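I have a structure I would like to understand better, so I am pasting it below and will then ask my questions one at a time.
First chain written, first letter: the chains are A, B and C, and each begins at residue 1.
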Amino acid sequence: MPAIITLLTDYGSGDSYVAELKAVLLSRAVATLVDVTHQIPPGDVPAAQYVLSRVWHRFPPGTVHLVVVDPGVGTGRRALAAEAGGHGFVAPDNGLLSPLPADARFVELPVPAGIAPSFHGRDLFAPAAARLAAGTALTQLGRLVTDPRRAPLPVPHSDGAAVVGEVIYVDRFGTLVSNIPAGLVEPGVRIKVGDTEVGTLRRTFGDVARGQLVAFVGSGETVEIAVRDGSAARTLGVGVGAAVRA
Amino acid sequence: MPAIITLLTDYGSGDSYVAELKAVLLSRAVATLVDVTHQIPPGDVPAAQYVLSRVWHRFPPGTVHLVVVDPGVGTGRRALAAEAGGHGFVAPDNGLLSPLPADARFVELPVPAGIAPSFHGRDLFAPAAARLAAGTALTQLGRLVTDPRRAPLPVPHSDGAAVVGEVIYVDRFGTLVSNIPAGLVEPGVRIKVGDTEVGTLRRTFGDVARGQLVAFVGSGETVEIAVRDGSAARTLGVGVGAAVRA
Amino acid sequence: MPAIITLLTDYGSGDSYVAELKAVLLSRAVATLVDVTHQIPPGDVPAAQYVLSRVWHRFPPGTVHLVVVDPGVGTGRRALAAEAGGHGFVAPDNGLLSPLPADARFVELPVPAGIAPSFHGRDLFAPAAARLAAGTALTQLGRLVTDPRRAPLPVPHSDGAAVVGEVIYVDRFGTLVSNIPAGLVEPGVRIKVGDTEVGTLRRTFGDVARGQLVAFVGSGETVEIAVRDGSAARTLGVGVGAAVRA
């Protein structure tokens, strides 16, 4: 069975860049390619981290994840390959791989002479992903690195009265995804976004009337705030970073 | 040869959701995945129906179609799997599967405990699609249902003077797709959209000058109204539901 | 190993059209499908040419490229299949295949009776692409053509004082891609876009401060002008056709 290689970038889907990656991958490995998304806002490393944290572990072991949101491409920032839970990863060393577990192993990819300084995705990361997918051992790809950049997404704290978290992602539906895990919410607690009280946790958005705000435990296992058949982001006029209390 | 699984949703392509579906599918079945589209406007069941009606029968028998536009996810609405013409389908019971022929067979998928109430696509429909693709018989997936929700797209009628239909879809080019089948249009009839006369049927938009309105029988075998190198929707200021007379 | 078929169109990704192509391809050939992009602005043949010129040769020989930006569909414009460098191509004869090398061979595809005049992508080009991918010889597909329409992208000239080129593409990041090849730029020359001086060539956008304009040799081997963590197109208010001097 061919290996799976997933692609997660901020390249958009209108230019040639994603296809150039795929041409390299398919020229060098027998692989099934899966686009995670290419719509990460340009340079938005935290958004890419959140998406990566949701998806990588759901693929079968042996999958290789090519993650390129790389505003520092061609500068001194390191290029990494990694291994965790039987999965492979390649990404710039800018915090993208922060969602990996503590026992992940990292190597630094050497930068070959003559590659395009503005397109390491094609000339450095894709070839490395193809090698991992073809079975090359991680340590064959570069020297071990013990200090990869870790820039984890914010975590909630308690202020004594409530759990205080924040919105860490807004999805297509305008749903506000917070960083407050389901397990931290006491039964009967009323959820607040900024100064707006949303009410207690419901099961899903279908539990309220159309146009109403609703809080529930989302499919990423944290508290989300939505508007049924609408957009909570638009209704509340808030986005990533807004305070959420539970 | 691996089965084909098509995906048709309103999830957009910017979030993790589609990749989460694909991770489930590829973990559980050997399949070739084909995105139909994920750009259905949120909750727009009729648009998804129209797209489904155009594509499903063009794939080879044995293909499984995963269709999730599901504003009622997690509520009492049933979850369905179906079979028609040698194809498999999974979808919520909200009218999405109305384009299936009358001899389609349906079963109700049981909802396992503990799945995410807001993401049946990942936790209920994708696993069922993988099982169908792997060859599990429809009746192994749930109990037979004889009253699936049928909410067909509107059909044209005659008012004595003309065939009266309506716009049922607007595509990327701003072309207005009506529900009037080619066979109902008398030769020489002048097509009208609202109060605007478009003229008689031409073969294609290249048959008129740039910027001109044109009516022709589209690739879905119904009357379409376009503007050559432009947008009929924008030029006429109309959309789904606008009256079309032929 | 299955053949690769790439798809490059202006169909967008929201309608049924791309999936209808794929249904035809997968019904008639065992192939791995790769979307190059479907976001070419409607009818923008030069943009499609630029994208095609960047990607086709990066895929393995044997790949077939299905390229459909076809404002003249259903009119007298010819339909072509072609072969160059061991790759196959199908496209309307409107200049799309201008990036092919001089030794490319072309045939004219006969138009079968009864196909949809507005959707040759599905009914004419996709079947031809499937035949090429399945190993049918080019000359089995139609009669040889020696005068395919060549409408190459503009090339730079010298005005004595400088190399004068223009912007031929703007990407997702708002980066202005010029047609001035790296080899034509004298060391130390200051790049100008319209009346704005950008400075001398740097290696990559990371070499300047955030928000600053920068010129460098891009991954397509021509001069590009960008704004670090911003958009040169927006900052300068220019697009395709703007003069670039080097």
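Heads up, the rule we're going with is that a residue touches a chain if its C-beta (ideal position, glycine included) is under 8 Å from a C-beta of that chain, and two chains touch if they have at least 3 such contacts.
Given the structure is predicted, the values throughout are model-derived calculations rather than measurements.
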Interface residue identity across copies chain B, chain C - same or different by half: different
Fitted rotation between chain A and its twin chain C in degrees, CA, nearest 5: 120
Cα-centroid distance, chain B relative to chain C, in whole angstrom: 30
For chain B, residues contacting two or more additional chains: 13
Chain A residues within the chain C interface of the complex: 11-20, 22-24, 26-27, 30, 33, 42-43, 71-75, 116-119, 122-123
Partner chain A, residues of chain C touching it in the complex: 1, 4, 6, 13, 32, 34-40, 50-51, 54-55, 58-60, 171-173, 203-207, 216, 218-219, 224, 228-229
